[in-house]
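The first chain written gets the first letter, and so on, giving A, B, C and D; residue counts start at 1 in each chain.
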Amino acid sequence: MVLAPPTDPNHPNDHALIEHNDDPTHPAFLIPELCRGFYTLGWVTGTGGGISIRKDEHVYLAPSGVQKEKIQPQDIFVLTLKERDFLRWPVHKPLKQSACTPLFYNAYDMRGAGACIHTHSQHAVMATLLWPGSEFRISHQEMIKGMRHGGMGSAMSYLDTLVIPIIENTPDEEDLREGLEEAMRKYPDAPAVLVRRHGTYSWGPDAERAKGQAECLDYLLEIGVKMKLAGMETVGLQQ
Amino acid sequence: MVLAPPTDPNHPNDHALIEHNDDPTHPAFLIPELCRGFYTLGWVTGTGGGISIRKDEHVYLAPSGVQKEKIQPQDIFVLTLKERDFLRWPVHKPLKQSACTPLFYNAYDMRGAGACIHTHSQHAVMATLLWPGSEFRISHQEMIKGMRHGGMGSAMSYLDTLVIPIIENTPDEEDLREGLEEAMRKYPDAPAVLVRRHGTYSWGPDAERAKGQAECLDYLLEIGVKMKLAGMETVGLQQ
Amino acid sequence: MVLAPPTDPNHPNDHALIEHNDDPTHPAFLIPELCRGFYTLGWVTGTGGGISIRKDEHVYLAPSGVQKEKIQPQDIFVLTLKERDFLRWPVHKPLKQSACTPLFYNAYDMRGAGACIHTHSQHAVMATLLWPGSEFRISHQEMIKGMRHGGMGSAMSYLDTLVIPIIENTPDEEDLREGLEEAMRKYPDAPAVLVRRHGTYSWGPDAERAKGQAECLDYLLEIGVKMKLAGMETVGLQQ
Amino acid sequence: MVLAPPTDPNHPNDHALIEHNDDPTHPAFLIPELCRGFYTLGWVTGTGGGISIRKDEHVYLAPSGVQKEKIQPQDIFVLTLKERDFLRWPVHKPLKQSACTPLFYNAYDMRGAGACIHTHSQHAVMATLLWPGSEFRISHQEMIKGMRHGGMGSAMSYLDTLVIPIIENTPDEEDLREGLEEAMRKYPDAPAVLVRRHGTYSWGPDAERAKGQAECLDYLLEIGVKMKLAGMETVGLQQ
C-alpha cells in the first residue's frame, strides 16, 4: 500500500503527460480549475480535500498539504491505474501525492469511476453529527435526481430515498481505506460515503459528472441539516 | 408535447441565429452570462435550474443536464414561439434542450413573458417546507416593490401582500406543466410559482426585468424563512 | 422637491463631467465599482439600494431601477449641491435618477457628507424586526471603532455604545425624507439610520470612508442579529 | 514601544525593498494578494484585520485604517526584526503602519513565526461569546490536523484537543500586547489567540502555512459555533 515516486534519479519521469498539452479538458488542467472552484465553495480550505481524475489507464492526483486553490498543472502526479506505478511526478519542488490516494483508488477499482472528489464541507460534518447512526437519509428533494445509482449508473428518481453511509473517522487518512471499502461494498447503490467529523467521498463516470453529483450531494446535505435543525424529518412527506 | 430537434440531416439548422452575432445583449450571450451569475448565487448548481429568453418570435433555450455555469452560445437552442419548431440546435456535441421547456412556454403563452427563470434556490425549498399549504405570503417588505403584478404589469406596492402559489413536485419535470398552468390561471397577479421541495419559476417582460424579479423573489423567500424560523409572522406588522 | 433633468433639448448637458475622465477615483468610476462590490455583498440585488458621491459642489447619482452591478460611468447623473440643478444626465437611454436622491441630500445638507450609501441588507431588515423599538443598540464590539461620531467626526471608541435610530418605512421612498431628517436631527451622533423592513442609510466624509463605515455597520447588524437569536444581549458585557 | 517612521526627510528610505521586485512570492506582493482573499472571506472588512510577513530579518507590514482589499505593494512598511527600525515606508500618501504591529512582533519574538494574521472573523467573535471562559476547545475534527503545535511545530493529530486561549479586548489595540504575550506564554502549544468581541491572532512558519492554519482555525470556530448553537458539545465524541 506504500506509494511513493521512484527515488532513482535515472527513473523515467514522463513530464510530457502534463506539460506538452494545452487541452482545457485534460486532467492536468481540470484538477487546478476544479480545485479553485471547490475552494470558493469552502470544500478544500486549509489545504484539505481534493480531486483525482482517471483518463483511460492513467490516474491524475493533486499533491498533499498544499493550497488547493493554487495548484498548477506541473504539480500533478500521474500513476498507472493497475500497478499504481508513478509515471510522472513533480520535481520543481518537494511534493507528496494526496494522502487520499488509496481512497480515490477505491472508487476506481470498485466502481470503475472516472473521477473522485473529497471535500471537507461543513454541511457534511454537521450532517454526520446530526445523524449519529451509520446513514444519512433524505427523500423527496428534486436535487436527488442529480445523483446516480452507485454514482455511476442511471439517474436517481424523485421517488428514491438517497442513503449515504457514514463511516467513523480515523487519525490517519490512509486508514479510512478499509472502512470506505466496506461501506462501498455494503451500499452498492450509494453514490458517496460520508466520514464522520471529516467530510465526503463521492465519484462519477468522469470529472464533469463527479462534480455535478458532488454539488447535488452538498446541496442535499445542506438542506438536510437545515431541515433537521428546524425540527423536520428528511425522509417522507410529513412535517 | 414531445419536443425534439429534427433528425433529418438535411433539415435546415440556422446557426447564424447564434454564431454570427456579437451583441452582448443578444439572448445567446445573455443566457451563458446569466447562468454564471445564477451559479454563484447557488440557484443552478449540479446542472439544475436554468433560463429561457424570448426575442420577438424566437425562444432561446439552454441545454438540459449540463453545467449551467459553463454554457457557451453555441450550446443554445432556438425555437419558434408559436409552432415550437426547432430553428437552431447544437451539433458539436449531443445536447438536449432543457426539460423545463414546456414550463418556460407557459410563461410565454399565458403571460406574454420575455424571459423565464427556474432556480433550485434553497430559500425556495425551505419556504415550501415551512409553508406547508398552497401559498407563500409576505407583506411589508421594501423588496416587494421590485416585483410586478403578474410578473409583467406595474410594480407592486409596499402595501401589497405578495402571494406566491406553491404546487406539488412531480417525478418528471415535464409533468409540472399542468400544475404550473393551473396555478398561473388561478393566481393571475402572482409573479412566480414555487414548486415544493424543488424551486422557483418566475418571469418578466425581458431578461433584465426577469432577473431583477428573481432576485427580489429570492430575497423575500430568504427573509421570510429567517422570520419564520425566528418565530415571526411574515404578513402584517405585528411581531 | 420634484427633481428631473431639463426637457429642453437645447439645455446644456455637460457630458465632459463624466466622459473625458479616466481617473479611477473619480465618482463616475467609483460609483459603478462600488455598486459591483455591494451587489456581491447582497446589498443592492434586484435593482435596490445605491450610492451617491459628492465632489466639491457636484453631486453624482446612480440611476433608479437598474441593475446596480451593471452601471456604467455614462449612466451617472450630476447635480449641483446647492440648487440641485442637473448639470449632466444620460441621454443614451431613458434613465431616471435614484429615488433616494432627496435622502442622499439629507446627508450632504445636514452632515456635510462626501458620500451616502443605501443598502437593502438583510441583516438590517432582520435587526429592525428583532429591535421593534426606535433604536438598534450594540456595545463592546471591536468593529464599533470603525464607525465615526455622526458618521463624520472622530472614530468611536470600543467603550462607546453604538445607537442607530430606526424609522418606519413608507410606501414611497421619497416620503422617507422627513423621517430621516428628524432622526438625523434627534441623533446627531448616529452615523446611520435604519429603515424598518427596508435597509440602511449611512454616510461618511468621502466614498472610501462611507464604504468602510457601511461595512462596519453591516458587520455589527449581522453580529447583533446572531447574538439576539442566540439569546444574548447586545449591550453590556454580561451574557 | 512607540513606533513611527523617521521624520527627518534625509533619513534613508529604501524603496528598493518593495519596488524593484516582481517576485509574486515576495511579501510586498503576497500581503496585497492575501488581503484581497481575506476580504472575500469577511475577515478584514471595514479596514479591520491584516497580515504581517517576516522575510529573514525584515518585517513587512500593511498600513493601518485603509481598505485592506485595495492595498498596493507601495503601501507596505518594512522594519528590521530586532531593532524595529523603519527601513522603508510609503511617502506617496500619509499612511501609518498597522496598529497591530506590536502584536505581530509577539509572534516573531516569542514563536519565531514567519507570518502573523489578524482577522475580525464573525465566527471568532461568536465563539468568544459562546465560550465565556478563557478557552475555546474543540476535538475530533479532521481540520484540527491542519493546525500545528504552537503554530510552528508538527501537525496536530485528530486525537488532539485544540485549545485556543481567549483574552479580553482593550479599547486600544496596542494594549492587547501584554495580554497576548501572557496567553502565548501560558499556552505554548496554542497556534492562535482569540480576543473576545474582536477576532483572531494566528501565525505560522511562513505566509502560506500561516494562511492555511488561519483557514483551519476559522473553519473550526465556525463548526464549533454551529455545534454549540445546535446544543452539542465540541469536546469528546458524545452528542
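Following the convention adopted for this analysis, a residue touches a chain if its C-beta (ideal position, glycine included) is under 8 Å from a C-beta of that chain, and two chains touch if they have at least 3 such contacts.
The UniProt protein names, listed by chain, are A, B, C, D = Methylthioribulose-1-phosphate dehydratase.
Bear in mind the structure is a predicted one, so any value in this text is a computation, not a measurement.
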item	value
Greatest separation from chain A - chain, by CA centre	C
Copy pair chain A, chain B: interface residue numbering same or different (half cut)	different
Gap in Å, rounded to a whole number, between the CA centres of chain D and chain B	45
Between chain C and chain B, distance of the C-alpha-averaged centres to the nearest whole Å	32
For chain B, residues contacting two or more additional chains	none
Topology of the chain contact graph, where touching chains are joined (line, ring, star, complete, other)	ring
Each pair of chains that touches, named by its two labels	A-B, A-D, B-C, C-D
Complex contact set, residues of chain B against chain C	140-143, 146, 157-159, 208, 211-213, 215-216, 218-219, 222-223, 226-227, 230, 232, 239
Parts of chain D lying in touch with chain C, wherever the complex brings them together	45-48, 67, 120, 122, 125-126, 129-130, 132, 169-171, 195, 197-199, 229
